[in-house]
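Two complexes come next, and they have one chain in common, subunit A, joined by subunit B in the first and subunit C in the second.
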Partner chain A sequence: MIQVLVNGVFLGCLFAVVAVGLTLVYGVMEVPNFAHAGVIVLAAYATWSASAAGLPFALAALVGIACGAAVSVLTEVVAYRWIIDNPAAAPAVALGLMLILQNTALRLFGGEGRSMDTPYDQVLVEFGGVSLSGVKVALVVLAVLALTALHLILSRTSLGRAMRAVAQDRGAAAMLGIPMRRQYTLAFLIAGLLAGIAAVAYAPTFQVSPYMADEVLLSAFVVVVVGGLGSVWGAVAGGLVLGVVEGLGSAYLSSAYQSAFGFLLLVLILVLKPGGLRGATGRRVA
Partner chain B sequence: MRSRSAAALTAAAVFAASAACGAQSGANDGDTVKVGAILSLSGIYSTLGPAQKNALTMGVEALNKTGFTVGGRKRTLEISYADDRSDAATTGVTALREMVQAQKIPVIAYGLGSDTYVPQLKRQPIPMVNILDSSYPGILDLSQNLFLTRGASPTYVPGCLHYAKRNLGTKSISVITAKGEPYAEGLTQLVAKSAQTEGVAIAATAEFPLSSTDYSNAIGAALAAKPDAVYLSSVTAVILPVLKQLRQSGYTGPVIHSSGVNPDQAEAILGAQFDSIMKDNYDCAGTLPTTSANPAAKSFAEAYQARFNEYPQDLTMWAHDFPFIVAAAMTKADSVTDPEKIQKALSEITVPEGTVSGWLPGDGGLLFTGRNARTASEVTAWCAGKRTLRSAMVFDTRDGAVVDPVFPEDTCA
Partner chain C sequence: MRKHASALGSSALLSVLAYLALTGLQGDQGQVALLVVVWTIALTGLNVILGLGGYPSMAHAAFFGGGAYLSAILLEKGLSMTVAAVVSVAAIMLVGFLVALVFSRTRGQYFAIGTMFFTAVAFLVFTNAAEFTGGPTGRPVDLGYSLDATVVLLAVSVGAGLAVFHLISVSRFGDRLRAIREDEDLAQHLGVPTARVKLLAVVVSAGFAAWAGVLFGQYNGVIAPSQFTFVQSFLMFVALGLGGAGRLLAPVVGALVVIGLTQLLNLGPGVSQIVLGVLFIAVTLLAPNGILGGITALTRKVRRKEAVA
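Let's turn to the complex of A and B:
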């Protein structure tokens, strides 16, 4: 039982890091950013390439995270910025961007999976009859650090306060002199950094491939809705709840339907609490 | 004036139509005969397609050195390739229609997606030769137009359990299956049958969704039963990440599968730790060209490795032989354009000269028995520290049980 919960927490941390990137962008710009999957993929390939070129893993990881941030900002600058007044176009643009980014990876690196090696690949952490591989422990640690840093940025800095203001009321924020475009870019920059962290932490548990983030993205969208659209802490809570629900469902019902338990949870939440765990009508990006 | 324009337009349309029709009907009229190949050159099954294309290229080159004779004329072969992007149902079917209807190609080699091609075969039948798919239940019942150039899963899965019990002392085994993947689900059914035949207990069966990227729940369920060995049901690209997470979870016991993993794939997908992850790994499938006792297969393996700098998978042998099989059938049919005659001839040809796979001939020396050509089956073992595989058991099967097993010397050392 404890092992199942620990596995669930690992999955939940992964979902949370990806979902927070999605919800941040949605909160500020109301864009369902499917391209986030493509950003994760390119960040993972950048890390893999840097590592294959001989860089130590820590440096290669920084290259990957920087790449994630750059690609994410690029999607805002070249695509999303131009449809801000036409939100109906956002889903189509987001899907198109995802395909472009994934196919860029496919073109550059081929379809075969690649392994991302880390110095902690062979570490196995055991405590009280529960074991967790080093790569999973690293993901949990990175997720906690990244989300704590994000919390501090959003709550303790003027940049964070401005971003929250834009999320709560764009018109009012603009009248108060908050530079809107800078806030959009900042949201995508932070989302890209989180995508890079997710890629660096998650790829060593699986493999690097053009389609590595599809399933995770789907689960992350479930988390975003479960947590409440635009709510950062709702996404964190939703991620952990989804991870644990999928873990328990797999262990006690059938692991073949792991993803289905997540969607069942989504339906239940939508029926019982349509606004999500933390309804975000008044407090987006907080 | 109006009637003159209409006449000119009609003439132009008739000219264009007849030019197009002429181009189509003349596809295989020359000395170069074009056949098709629909392969997974990208996507999740891209561990398979590029290797098949390499081997087909070698086969065509080998065949064209001497050519083949049809209708008293010397011919050479050319293959038109299409990438199904690991999505036979959409991209693959589109490619098939284009090849059959526009290019008028009379015979096609392919890898995956047999069931998705059946409706098109009903509309416009042509022989399709599968050079990969050994899934269970077999593909041959789907259509009379399908031919299979390898032993299906029932010819090699029994070897896994036989070897595990006899050589690894396995009394119980847990099975982890990629749910929704036909090859994987067929393997799991066969493992259950073979385990019963061999007297090996199934300790646990665990499944994971095919799209999943975290397998900890399935692995946890499989290991909780404390099995002597673990069997992984699926193809290379799917099972290697599972294997990696299985080892990361601390499991060090024997792992058995039927995926045909080669050292290049192991290194690419498992990374720097591939050797320790692959330790105590056993693979039961068709014979590998590198471990085969057949000199032609061995020499093909050396040539393939030298040319493409990669370890040849078992499917490369079958792909290499496809051009020879088609050429033999066209010669027998005395036609390079008539799919019906070529299909009939495929069932009547003996093992063609120039092939390297070591085909086991059927009654009368025929290559295909019930539209299935097959080679011997084999269990291979990973040579730790050597980055290679060795043949651990060569065998045949009868009524679901292993017969005539041969245990070659341990060549790892």
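Let's turn to the complex of A and C:
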């Protein structure tokens, strides 16, 4: 039972890191960033290529994270920047970008999955009768570190204050002289870094392939919906809840239908909150 | 009256064209013709909820696949083709009703995410319920109608579907959907029963998709889960957006562009979808009403210039 819960927490950390990236971008720009999946895929491939080229794993991981950040910022500069005044076009542009990024990966690296080796592959951490592979421990540690860092940035620095201001009211923030363009780019930069961390952390447990992020992205979107679009702590809490639900479902009912349990949770929440989720869109970033 | 005549006339003309394409083209080109025709039928349904209602439904590939799988299973159980087809379409419309019941509470991007997740779950079912669906590699579909009959049905369905869409579009139902697309709160305030209208729109779109799926299974002979992923839902959304959502002929244009790009141009794996992504973003930024909307705006501009000169 505890083992199952721990596995659920592992999944939850993964969902939370991806979901926070989505919700940050949504908070400042109101874009449902489907292209996030493509960013994760490219970051994972960058790590894989760098480590195949002989770089030590830690360096390769940094290459991957940097690549995620670069690609994410690129999507903002090339596409999203031009639709700020037309939010209705956002889903379409996001879908277009996702097609482009995923198929770029398919074109460059082929469709077959590749396994990523890490120095902590063989490590098995045992703690109070619960065993967890080194890869999963690394993911949980990375997730906690990344989210804590993000929280500190958002709550303690002037940069974070500006970002929260933009998320609360774009018009007022612009009037007060906050440079909007920089905030947009910054949100995508942070989202890209988080995508890179997610990719490096979970690619070793799955395979690196152009479609590796599809299911994670879907679950992360559910997390965002459950936690409220634009709310970072909602995303963290939602991620843990969803991870535990999917972990329990796949352990006790059927592992083939793992993500279906997340869907059931979503349906349940929608049915139990008959007013819809409008209440959750009080747009906040922290 | 003239508006009806041109819409219904072009629907009938497209039926004839579809028949000629399906009977005239062989091999790979025949396969492309089939896909364009089937997509046109399915996208006409999507055009009701997405085009008129403005709701980005990502459940369309699931309804499409559901129709194909269900009719194949019922046919295998010994039902006659007509019964199997009617039961499948009705059952998928019921599923659509349930999906709409849950997700029509959500709006815009929430709706897209929820319905997309539904398609992902449907894909899991298609893949894992192997005793019915044949698992990841798919299953054969027994021949229910003769191939000639299927071709005639496909061709007739194109025209009939477009005609039904036109009638919906000019009806009060269509007006109400457009009101929801423009401003849902205002529409509700003015007395539009928004919940009921959205529900009906999803059910109608599911019916179109399921019927397209039934015919696709019949003509193709095999169906596999990979044909009904949520990426297919994306591509359907993309196709309708490219054509010009809400316009009568958008499904035809969208199907031609998307299927043509992915199937006809042999650009190697992935490249056609990259081109599609670039094209979609370009159309969204430059011609928000799609290719058809862009053409209309362009001709209007040219005419105005002529009038000035």
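Throughout what follows, the second predicted complex is superposed on the first by the 273 of 286 C-alpha atoms of A that agree within 3 Å, B and C clash if a C-alpha of one lies under 4 Å from a C-alpha of the other, contacts with A are read in each partner's own complex, and residues count from 1 in each chain.
Rule of thumb we're sticking to: a residue touches a chain if its C-beta (ideal position, glycine included) is under 8 Å from a C-beta of that chain, and two chains touch if they have at least 3 such contacts.
Just so it is clear, the structure is predicted and the values come from calculations on it, not from any experiment.
A.B. asks: Under the superposition described at the top, does placing subunit B and subunit C together on subunit A give a clash or a fit?
C.D. replies: In the superposition, subunit B runs into subunit C.
A.B. asks: Counting only touches as set out at the top, which of subunit B and subunit C does A:I190 meet: first, second, both, neither?
C.D. replies: neither
A.B. asks: Using the touch definition from the top, say if A:N86 reaches subunit B (first), subunit C (second), both or neither.
C.D. replies: In the superposition, A:N86 touches subunit C alone.
A.B. asks: If you stack the two complexes on chain A, which partner ends up touching A:E215: first (subunit B), second (subunit C), both, or neither?
C.D. replies: both
A.B. asks: Touch test for A:F10: subunit B only (first), subunit C only (second), both, or neither?
C.D. replies: first
A.B. asks: Please work out whether A:G247 is in contact with subunit B alone, subunit C alone, both, or neither, and reply first, second, both or neither.
C.D. replies: First partner only.
A.B. asks: Go through the superposed model and pick first if A:G111 touches only subunit B, second if only subunit C, both, or neither.
C.D. replies: Both partners, subunit B and subunit C.
A.B. asks: Which partner does A:M163 contact after superposing on A: first (subunit B), second (subunit C), both, neither?
C.D. replies: A:M163 contacts neither subunit B nor subunit C.
A.B. asks: Determine, under the contact definition given at the top, whether A:S259 touches first (subunit B), second (subunit C), both, or neither.
C.D. replies: Both partners.
A.B. asks: Subunit B: which of 25-33, 61-69, 97-105 or 151-159 bumps into subunit C?
C.D. replies: Only one listed stretch clashes with subunit C, namely 97-105.
A.B. asks: Of all the subunit A residues, which ones make contact with subunit B and with subunit C?
C.D. replies: 106, 110-111, 214-215, 254, 256-257, 259
A.B. asks: Inside the complex, what are the residues of subunit A that reach subunit B?
C.D. replies: 3-4, 7, 10-11, 14, 106, 110-117, 121-122, 124, 126, 131, 133-136, 202, 205-207, 209, 211-212, 214-216, 246-247, 250-251, 254-259
A.B. asks: Considering only the defined contacts, which subunit B positions touch subunit A in the complex?
C.D. replies: Counting only subunit B, the residues touching subunit A are 41-44, 46-47, 86, 177, 179, 206-209, 211-214, 216-218, 220-221, 237, 240-241, 244-245, 248-250, 265, 268-274, 276.
A.B. asks: Write out the stretch or stretches of subunit C touching subunit A in their complex.
C.D. replies: So the residues of subunit C in touch with subunit A come to 56, 102-103, 105-110, 112-114, 116-118, 120-121, 124, 127-128, 230, 234, 237-238, 241, 268-271, 273-274, 276-278, 280-281, 284-285, 288.
A.B. asks: Give every residue of subunit A touching subunit C within the complex, in rising order.
C.D. replies: 32, 79, 82-83, 86, 88-93, 95-100, 102-104, 106-107, 110-111, 210, 214-215, 218, 221-222, 224-225, 229, 254, 256-257, 259-260, 262-263, 266-267, 270-271, 274-278
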